[in-house]
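What follows is a pair of complexes built around chain A, which joins chain B in one and chain C in the other.
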Partner chain A sequence: MALRLALRVGRRITGVLATLLAASFVIFAAVYAAPGDPAVFLAGGRDKLTPERLAQVRAEYHLDEPLFVQYGRWLWDCVHLDLGRSFKYSDQVADLVAARFPTTLQLVLYATVLFVVLGVGAGILAAVKRSTWVDSAVVGVTTLAASVPSFVAAIALVSFFGVRLGWFPVTGSGTGFLDTVRHLTLPALSLALGALALVSRVTRQAMVDAAASDHVEAARASGVPERDIVRRHVLRNALGPIVTMCGLVMAGMLAGTVVVETAFGLSGIGSLLVGAINTHDFPVAQAVLLLMVTGYIVVTTLVDAVHPLLDPRVEGAAR
Partner chain B sequence: MTAILNEATAPASAPALAAVRARRPLGVLVAGTLLALVVIAAACAPLLAPYAPDTIDLSSSLVGTGRDHLLGTDSSGQDLLSRALYGARSSLVAPLALLAVAGVLGVSLGVLAAWRGGWVDVLVSRLTDVMYAFPGLLFTVLIIAVFGAGMTTSVLALGLAFTPTVAKYTRSLALSEARKPYVDAYRVQGMGGLRICATHVVPNLARAILGYLVVLFGEALMSLATLSYLGFGAQPPSSDWGLMVQEGQAAIVQGAMLPALVPGTAIALVVVCFNVVGVWAADRLGRQ
Partner chain C sequence: MSENRPRSTPAPAAAPPAEALLEIVDLTLRLPGAARPVLDSVSLTVAPGEVVALVGESGSGKSTTAKAALGLFPAGAVASGSVRFDGTEVLGLTGERLRAHRADGVALVHQDPRAALNPVRRVGDFLVERGAGRAEAVELLASVGLPDPQRRVRQRPHEMSGGMLQRVVIAGALAARPRLLLADEATSALDVTTQADILALLRTLRAEHGLGLLFITHDLHLAAAYSDRVYVMYAGRVVESRTASALFTAPAHPYTRGLLTCSPTLGDTLTPLRPIPGRPPSLSDTFPGCPFVERCAEAEPTCETWSPRPVPLPDGGAAACAFVNAEPGLSPVFTAVGNRPAGRDRWAQTQADGADADEVNHA
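On to the complex of A and B.
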């Protein structure tokens, strides 16, 4: 038993590392293959550029070595949190990212709270009131919300709640807890809206499946109140797929911050990435992409690992 | 909105399919009519638009709705209705180009993986896994970071990003198709694998794959609009809807909502209509 568990964990970790390695290589190789000579850029432009200076820059940044050696060096530095220097700010990339990461994390966590509460709530409501107008309303409204790109949702929310009603600030991320919550409400809502359809559908389906099992019928026959049936028998058994989906959606939101942070002028790592691409600041773009992909892979793996804990039947099926 | 590129979303669409199917007649009719109107408007933009899309008139900057400008103007005094009409062209054609790229690449890879099996299949699925490791638009963003912003780069990059989804779907269809007796019959007659695939397997799967691509259209349009909004896609002076939202955003704080809301509503409307019609069409294409 213990051996089998260790084997499974080992295989899982190997798989994750392999994916991470491949993804990081894609990120590195893409920039390596980019048109234009980075040495020219690093030396400060094409004018008054001597071949000696170019060779010096190449040697300094190890640009004269083969692809795999450069990749190995880059990866080794990344693992040691040395992400290089920004072309644009000439700061350490690690410092830039560290300064901006809290805003992104707050935004993702806030959006997660919103979509879990609203999405799972709507899904439970739709399942309990199955085949009524409530059910169709939930499906209709959430499907509509999923058809609106997050930047359009952001614009609409800002226009109405920010400018017209003046309830929320239009830009910035605020200081202190309450102020931050106030500043991040509209961004988090724009991020969460698109996820509601997916989360509520999965919740509804999982609840409907769980409600069809025999033990629910047995509980109902023995006179357990409907409220308890929904909570203890149906929802408890539906929790596996719901938590999995919520985790996957949350992981995907790291990428969604690129759009929402730009729309609201928040200085997180999403807007840092957009700025880095527009100014050809490759070290920053590479670092943010690597961070986002790593975060995504780690969170999705954790979600996968948690599933059997919530629902022991899955573990049995996996064997 | 970014989630459709992840395999996890695939099973979730079943209840939605059922829901849309249930209220098919009226919803599909309304959405279809609206879409047809948008397509006609885009095609006849030069006839319908009251102004050229790039006529700058600083004296009528940020005018609200009125007789001169039905939907108002933006901060450079450009007529929003005219810009939105012309913008419909690139906003509707670009997703088609994207899906064509993803369709050709995805179907080729999917059929190849299913037909050859073995290490080719493993290789294709490993490549797919690596692309799935990039959530949302990040793979596209990486390509744009390297090759620079622009509509062509965006269409090609998104086409590549949509390829694994199409390949995966095609592979699952082609696996069962390749096991059918007629394939063996052709092989016995001495027909080559490539010829069997190109003249028989792919045409037999065409309807189902087309239906799948139709469903992806809304996602394709949203992704392209998002890239244009970020400044990675269409470049000025284009009046692509995503770009129009970006340019109109600054006026919101001045109290002028129309420059951003007109193109934003256009995007949302077309995507909603296309999702309603697309699911219905995919259902019909898949069934026959």
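On to the complex of A and C.
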């Protein structure tokens, strides 16, 4: 029993590592192949550029070596928890990312809470009031919310709640828990709005499917109260697709905060990534991308791990 | 309650209709888009402690009739007539009163136990949800013959076999302490030994709790052997209603005779099996006359236009055939040698009452 569990965990970790390895190569190669030469930037600009200076810079940063050698060197350092130094700031990349990541993580977690509560809530409402005006209203409002680009939503939210009503600050990430929540409310809301349509519709459909099961009719025929039917039979059995979708949306948000961070002047890893790409800051771009991919893999792996709890039949079938 | 009354007591001559546990009178159920009613003037009674079988092919309306006792109808269905349980009209119930009716008086044992149980919940939760206490859940599982009930309450449906699950579903039906049990093909999906176990169990429970049992099956032989009275349904109508022994020895309706001759019997290898020709009618088929006419070997031109109604038989039963009265000599004379005379007398009585109610309803 314990051995089987250990085997399963081992297999899963191996899978995660293999995915990370493949992703790291793709990231490294993509940044390497991006147009523009970092050596030019590192040498201090085009005006005082000489071929000798360029070659010296290239040698100094190992940019003259073939792709695979560079990748191997980078990977070796990564495994030893050394992400290198930023070309631009000369700081340790790890420190840079560590300083920026909490803001992004808080923003994504806050947005996740919002889209889970609002999206799943709206989906439940639509499923329970199926084929009524409530159902249509949920579909209409969430579709509208999804069709508004997040930067437009951000501007609208800022002008209404930030400027006109003055409820929330319009920029910065705040200090302390309550202040952070206050600062991140509008960014998180504009991030979450786009996910509402997807999450509420998946919830609605999963619940409609679950409600068509024979055991739901059996429970109804036994006089089980409708509240309990919705909660213990319909929603409970629909949790699989709902949790999967929420996990995927959340994982996707980790890589999608750039626009909102820019709009609200937050210094998270999204804005760090954009800056790094614009300045050919290879180590930073690679580290941020690797972090995003890791986050995605971690979230989806967690969702997979939760599934046997949601549906006990999965456990027996899991390899 | 009336279930405590000794069953051998003869029914009073002017028994009120409320004495029947379940009394369905002239139930007609129409679905939008269907050419004919799903149920057409179905009348049926079940007395406390009585086993009544409802027999028919798939789509004959037997499950729909049983579910009507729970006030459970297909979406969009329009019902007329009367479904009374213990004197309460079920058709008019809504909301909390309908829920209470389903939770208390009547319980349904489903055809497919695996589908009737929520796969992600524990068996114990299923029983508790239907009104049993935690400790009572264990007792219930023991009472339906499940070994090791303490362990079973914590298991989930995928950890059990079909026969075990059928016992769980029966325990769930009993958890509400119902007075009427509807067994919807409760044993059809099981192998024969398990089937025999479950049938014996249902009989024991019926005796212990004084339950009325409405037993739905497509197996006419099983119905005749297992129950006190049998209703045979065809195309949403009751075509014959008889005591089990009378039905078996002298079936009155050609369809009943067809059902009997198209299934094999033990020790009777010489009689060839004769399937009923044709197919059971669908909801898009309409009938100007008798619905069975196209498949009936004994049909005559009058059948094309004769609108079916129950024709009383001398033994107290009824058959919806144009020719049952034409040859009264063929109908067996009722002999009171059965071991359930009270039930038979009451049956005859409620038939008469039903006929009265029929006319009142049409007035």
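The rule we apply is simple: the second predicted complex is superposed on the first by the 264 of 319 C-alpha atoms of A that agree within 3 Å, B and C clash if a C-alpha of one lies under 4 Å from a C-alpha of the other, contacts with A are read in each partner's own complex, and residues count from 1 in each chain.
In the analysis below, contacts are C-beta pairs under 8 Å (C-beta built on N, C-alpha and C of every residue); 3 or more make two chains touch, one makes a residue touch a chain.
Keep in mind it's a predicted model, so treat the numbers as computed, not measured.
Colleague: Should the pairing of chain B and chain C on chain A count as a clash or a fit in the superposition?
Modeller: fit
Colleague: A:Leu248 in the overlay: touching chain B, chain C, both, or neither? Say first, second, both or neither.
Modeller: A:Leu248: touches chain B, not chain C.
Colleague: Between chain B (first) and chain C (second), which, if any, makes contact with A:Asn237: first, second, both or neither?
Modeller: second
Colleague: Of the partners chain B and chain C, which touch A:Val274 in the superposed model: first, second, both, neither?
Modeller: In the superposition, A:Val274 contacts chain B only.
Colleague: With both complexes overlaid on chain A, does A:Gly194 touch chain B (first), chain C (second), both or neither?
Modeller: A:Gly194 contacts chain B only, not chain C.
Colleague: Which partner does A:Ser213 contact after superposing on A: first (chain B), second (chain C), both, neither?
Modeller: second
Colleague: Return first, second, both or neither, reflecting whether A:Pro225 touches chain B, chain C, both chains, or no partner chain.
Modeller: Only chain C; A:Pro225 stays clear of chain B.
Colleague: By the touch definition at the top of the document, which applies to A:Val163: first (chain B), second (chain C), both, or neither?
Modeller: In the superposition, A:Val163 touches chain B alone.
Colleague: I'd like to know which partner A:Ala146 touches here: chain B for first, chain C for second, both or neither.
Modeller: It touches chain B, and chain C stays clear.
Colleague: How many degrees, to the nearest 10, separate the directions from chain A's C-alpha centre towards those of chain B and chain C?
Modeller: 90
Colleague: Could you let me know whether more residues of chain A are touched by chain B or by chain C?
Modeller: So, of the two partners, B touches more residues of chain A.
Colleague: In the superposed model, how near does chain B get to chain C, counting Cα atoms only, in Å?
Modeller: Across the overlay, chain B reaches chain C at a minimum of 20 Å between C-alpha atoms.
Colleague: Within their complex, state which residues of chain A touch chain B.
Modeller: 19-20, 22-23, 26-27, 30-31, 33-35, 136, 139-140, 143-144, 146-152, 155-156, 158-159, 162-164, 170, 194-195, 197-198, 201-202, 204-205, 245, 248-249, 251-252, 254-256, 258-259, 262-263, 273-274, 276-278, 282, 285, 289, 292-293, 296-297
Colleague: Quick one: which bits of chain B touch chain A in the complex? Just the residue numbers, please.
Modeller: Chain B reaches chain A through residues 1-3, 6, 8-9, 12-16, 19-20, 22-23, 126, 129-130, 133-138, 141-147, 149, 218, 222, 225-226, 229-232, 242, 245, 249, 252-253, 255, 257, 260-261, 264-265, 267-268, 271-272, 275.
Colleague: Could you pull out which chain C residues touch chain A in their complex?
Modeller: Touching chain A from chain C are residues 67, 70, 72, 99-104, 107-108, 110, 112, 115-121, 125, 129-130, 156, 158, 172-173, 176.
Colleague: Going by the contact rule set out above, which residues of chain A touch chain C in the complex?
Modeller: 213-215, 217-226, 228, 232-233, 236-237, 310-313, 316
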